[in-house]
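You will see chain A twice below: alongside chain B first, and alongside chain C after that.
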Partner chain A sequence: MRDFRNPRYKVLRDREECIECDLCVRQCANEVHYRDKKTGALRADSMKCVNCQRCTLLCPTRALAITRWPQVDAGSAVWTEGAMDDITAQAQTGGVLLASMGNPKSYHIYWEHLLLNASQVTNPSIDPLREPMETRVVLGSRPSKLRVNERTRTVVSPLPPQLSCDVPVMFSAMSFGSVSLNTQKALALAARELGTYFNCGEGGLHRDLEPYADRAIVQVASGRFGVDPHYLNAGAAIEIKIGQGAKPGIGGHLPGEKINEEVSRTRMIPEGTDAISPAPHHDIYSIEDLRQLIFSLKEATGYAKPVAVKVAAVHNVAAIASGMARAGADIIVLDGFRGGTGAAPKRIRDNVGIPIELALAAVDERLRQEGIRSTVSLVASGTLRNAADVVRAVALGADAVSIGSAALIAMGCHQCGDCASGRCNWGIATQRADLVSRLAPEAAAERVVNLVSGWNREIQEMMGGMGINAIDSLRGNRLMLRGVGLNEKELEILGVKYAGE
Partner chain B sequence: MYDFDRPRTARPDAAGTGVVAGSARLAPCDRHPRAPREGDVRIPAGCAIAAIMDRSGARHDGSDILRSIALMHDRSNGLGGGFAAYGIYPEYEELYAFHIMYESDEARRETEAYLDTYFMSEKQERIPTEPVASIKNPPDIWRYFAAPHPMRLAASGLDEAEYTMAHVFHINGKIDGAFVASSGKNMGAFKGVGYPEDIGAFYRICDYDAWAWTAHGRFPTNTPGWWGGAHPFTLLNWSVVHNGEISSYDANRRYVEQFGYDCELQTDTEVITYLFDLLSRRHGLSPELAAHIMTAPAWDEIDAMDAADAAFETALRTTYASALVNGPFSVILGSSEGLLAINDRLKLRALMAAEKGSMVYMASEQAAIELVCPDAENMRAIGGGEPFVVQLDSVVAAKAAADADAENDPHNAPLAHEVGVLPRRKEA
Partner chain C sequence: MAETIIVELGTKHFQEANAAVRAALAEADTVCIVEAYAQRYLGCTLPAGKRLEIHGTPGNDLACYMDGGEVEVFGSAQDQTANTMNAGTVVVHGRVGDAAGYAMRGGELIVRDGCGWRGGINMKQYGGKCPVIVIGGDAGNFLGEYMAGGIIVLMGRAGDHLASGMHGGVIYLRRNNTPAVVPDGLDLRELTDEDTATLGALLARYDACFGTEPHEHASVSEFVALRPASSRPYAAMYAS
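Coming up: the complex of A and B.
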């Protein structure tokens, strides 16, 4: 069937600069750049271009640039090129549209409407170069009051198991299969260097990652891939994945062609078979079932590992989170609707769920109203883009945040949104050996460590400006935030005052 | 929170008039719109603080504390001063001594009717005051020596302190124009709008004898001019004077509000008092450990400790992470046991201490101590994050004698007034 869509991008080649080295031809797994068989000329098929920017950034003479396809649309604000492209694609395939990475729509980003405070006169700001500035967070459940013996300086009933993060930033779950092993290795190396945790996702823990298991959160999702007692006991913590911000309410599907020998071994499924994660856990049809799974996992690990439960931010998330805390979750992970993914149905990704900012504020407030906020930890994810976003998330009530997209961008990802094709030119979202080898774990880890270290310095600077020297005093400290460009209802849900108040 | 008509923490402007509900407790005035008062907005303030205590329990009049705080005149701006005194009502030591400020007769009538319902008052009287030129428009200030109504106390299912606290919150939050300045036993707070030396003269504090005095002179950054907003802030036997502005305020507020404390005044002093009440009275930790939790050692220090100590400190810091108090502050906590002083971890506020015989002195400035005790010994600055504890000799002796193991055991014993309820609990 003839494709009635225009290309999205146009490849521009500066013929004066181009030295015809063919590096672009070799680098592009999408086969955009090619030698014309008849003339031998270097040409580009713009239709195949996903704008991953691999060629433009590696071109030794900077002869390449990608621009938007210049075709004007019909001038309709309703029937935009994008809206028509979706219809055309479905008219040609009859299928569900697939998409990758986070929701690209221009919904309100509430982070950008929250401004931070700083000390003036009545309260000195603190210089992090001079004074200690603590960013360590400890995650897990804890009693609301501690039984201690003050004379012997001992705790009568020991604390439940905890995770200790030197920075308030962890790495979101990304499974082997959706990302390459080198990507996971880079995150594992970075987590160890930073004193934080990576999450192996639902695809099992590859044996090469076992040396980093003390920095791993192992995930149990609806497909239960790679789950056995050894796996559960290997990591520092266990995360039950109920849902994901990019695709709340649905499962996952890793096509058989991606299940190569290594993925098959790690996921504990036959090579070449589709890996289907059902939409629900078929042993969790209600909150009391979640409790049973939580305690099954605690039993399996001798109550030595914190159990986190991750949900997508959906309409009733505050009540759901409260139920999770009461069901025994030690850590509640909230993933907002802009969170990334390797593949999701486009309609789900773009339309289901709610922003993390509102979900986080609502959950934190509900847990406080019920007097249980201090007994459980709260982790927020789904578009934390910089250190200021982290500070905002903590001030809204998060103990820590997780980053996925930001860590991948540090490694080279340019958010082309074509992860599902398996042709990631950066070696991240692919299992093709030639592409995976482009990502050197040590070099990628260095970039991620640099990123998070830089963020942590910025967090310290911002905390110091507020006159705060421990992140504990920032958590839930919403007076450190003021809203701009928000209506009263938004301010009420976020629990912040308007700038000037 | 116990449902005695839980006070609102927010006072929405329902009528859209620009005047916040609850403002009726302010005496009518012509300025419009009036400046926001304590509790409507958060008002940062700088301060002077001072304390004098006799560890032997011997009582002294308020003249020394008055001179000590008066010397630090420049640290306050005439918009708030006050004193807390322990041991001033020995003849009523078993009864709660409520000091209550009224801005109208209606407020007094409503409050007294409320107190009559929930307490049995043995004595009630206007607190004697002396006219002072600089003190304008004082409220009508009364005190009540009262015990909880036994039947209502039993029906509440609360212990005496919780019961009393809940009713204090009700009066402060729900009765317009009434404010409980103090609610402890054998102690009282004397505070108002003015320089502390004028407030002291107004209340005639030189005519009271106490084994411990604390004092506060306030430098708020705007002009609420409300007597209830002056310090010391008190709850039950606790009194807190505080110098500084805590940057962790909202984290601490939202933490204690989980446990039913209503931060009506939006002040640091209030939330610090509630933290002490929560950690010490409710959770059974010593005030020193409560202060230690509020100024917890840095993780670097904890990491350097031996394993057992590190485990203890980690458990404290983890469980009570939101009780960490941040920003510059020096605090003097008064209680029935004595005084406790604490500075922020970085030591961003001045606080000096000295002693002479059984006397202990503390003040924001050394001169304020030397003025009243020129030959004071062991003059020192109280370190950052190091609780400085002064207890009555009798308390020290009693604690040393108590051989009981030192576990905190908050509220696990049956309440005294439950023991006589039928059917009796069978012994296990």
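Coming up: the complex of A and C.
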């Protein structure tokens, strides 16, 4: 069927700068750049371009740039090119539209409406260059009281298993299959270097990652891929994935063409078969059932690992989180509606769920009201873009945050949103060996470590400015936030005052 | 090492019960549990070489993540028996509840009577591992939903929505119990020689477990095989 869509992007080649080295031809897995068979001229098929920026950034003479396709739409604010393209794609295939990465729509970003406090006159600010600043966080349940033997100066009460992160930033779950093994290795290396944790996602733990298992959170999702006693006991913690911000309420399909030998071995499923995660866990139809799964994992690991439960931020998330805490979760992971994904139905990604900022504030408040906040740790994810977002999240009640997209961007991802095709030119969201080899785990890890180290310094600076020297004192400290451009209901849910108050 | 240790559960909480069972398993390869009153997770991660004999009614998640052990229940079991089981054998002299064999990857679950809803959901096979569920009685709705591998033998009647979303493995059904209309994406066929051999061995295994006469419940010739038409049921579902 003839494609009635225009290209989204146009490849601009500066003929004066181009030295015809063909690097762009070799680099583009989408086969945008090519040599004309008849004339031998170097050309570009813009229709295939996804704007991953691999060619523009590697071109030795900077001869390439990508621009939007110049075609204008009819000028309607309703029938934009994008809206029409979706209709055309479905008219041509009858399929469910698939999309990747996070929700790109222009919904309110509440982070940008929350301003941070700083000390002036009455309370001295602290200089993190001279004074110690604690950014280490401990995740897990906390006992309601501690008994100490004062004679021997030891804690007598049994402590529940906990995770200790030197920085309040972990890496979100990304499965082998959705991302390459080199991506996971880079995150594992970075997690070890930073003293934090990566999450292997629901696709099992590849044997090459076992040396980093002490920095791994292993996930149990509805498909139970790769889940056996060895896997459960290998990681530092177990995460039950109920939902994901990018696609709340639905399961996952890893298409058969991505199930190569290594993915198959790690997921423990046959090669070439669709890997289907059912929408629900079929052993969880209630909070009581969740409790049953949590404790089955605790039994399977001798009560030595904290169990996290991850849910997408949705309506009534506060009540759901209360149930999760009561079901025995040690850590609650809230994933906002902007969270990324390797593939999700576009309508789900763009329309389902709620912002992490509101969900986090609502959950923290509800758990406090019910007096159970300390029984559980809160981890927020779903588009934390910089250190200020992390500080805001902690002030809204998060113990720590998880980053996915930001870590991938550090490695080279340019958010083209074409992960599902499996042709990631950066070697991140692909299983093609030639592409995967472009991502050197050590070099990618260095970039991620740099990013998080930079953030951590900024977090210390911002905390110091507030006169706070330990991140524990910032947690849920909403007096450090003021709203701008928010209505009363939004302020109420966020639990913050308006700027000037 | 003692041959068999007897552990009485009574009204013990599951944590206490499992701790007692684990302690006994450290001392003996076979532990006989008596007075089981719905304690969950019995046989959780049980490794090869260990055996539990359970008298009474074990609770949910019996033999979850089991890794090669043997569990024999002299009575019925509750929900999620053999949940995400990796290897081993579960024999139930009675019936099992809902979601038996969920995401089971290996080993066998042999049930004398029927099973509840959602039996064998998301069962999968891999490499040399091929999970087996044999149900002597009737099964509830959604048997074999999302089934991605393994073998289910059903001697009695199936409920509604049999094998919806099935994309791997095989369900052996008796010809007179097959659905009137075979759901889209599935393929109902007569047994091949290989099927006949596999099924014959499983029926013999059932007889050996429960002391029934060979093929007292069913003979191989009465069965047909239900398989998915494709291992990629959703290949054409998406557009981008």
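Following the convention adopted for this analysis, the second predicted complex is superposed on the first by the 500 of 501 C-alpha atoms of A that agree within 3 Å, B and C clash if a C-alpha of one lies under 4 Å from a C-alpha of the other, contacts with A are read in each partner's own complex, and residues count from 1 in each chain.
The working rule: contacts are C-beta pairs under 8 Å (C-beta built on N, C-alpha and C of every residue); 3 or more make two chains touch, one makes a residue touch a chain.
All values reported here derive from a predicted model rather than from experimental measurement.
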Q) What is the contact status of A:Glu131 with respect to chain B (first) and chain C (second): first, second, both, or neither? A) first
Q. Once the shared chain is lined up, is A:Leu159 touching chain B (first), chain C (second), both, or neither of them?
A. first
Q: Tell me which partner A:Ile468 touches in the superposition: chain B (first), chain C (second), both or neither.
A: first
Q: Give one of first, second, both or neither to describe whether A:Arg151 is in contact with chain B, with chain C, with both, or with none.
A: first
Q) When the two structures are overlaid on chain A, which partner does A:Pro229 contact: first (chain B), second (chain C), both, or neither? A) second
(Q) Taking the superposition on A as described, I'd like to know which of chain B and chain C A:Gly483 touches: first, second, both or neither. (A) neither
Q | Residues of chain A at both interfaces, chain B in one complex, chain C in the other | A | none
Q | chain A residues within the chain C interface of the complex | A | 89-90, 92-99, 222-224, 227-229, 232, 253, 255-256, 264-265, 268-270, 272-276, 278, 282-283, 292, 295-296, 299-300, 345, 420-421
Q: Quick one: which bits of chain B touch chain A in the complex? Just the residue numbers, please.
A: 42, 44-46, 221, 244-245, 247-252, 254-255, 257-259, 282-283, 285-286, 289, 296, 298-300, 308-309, 311-312, 314-322, 324-328, 345-346, 348, 405-410
Q.
Going by the contact rule set out above, which residues of chain A touch chain B in the complex?
A. 119, 122-124, 126, 131-132, 134, 136, 138, 140, 142-156, 158-159, 162, 368, 371-374, 466-470, 472-480
(Q) So in the complex, the part of chain C that touches chain A is made up of which residues? (A) 14-15, 18, 40-41, 44-45, 47, 60-61, 64-65, 67, 79-80, 83-84, 86, 99, 102-103, 105, 118, 121-122, 124-127, 129, 145-146, 148-149, 165, 167-168, 231-240
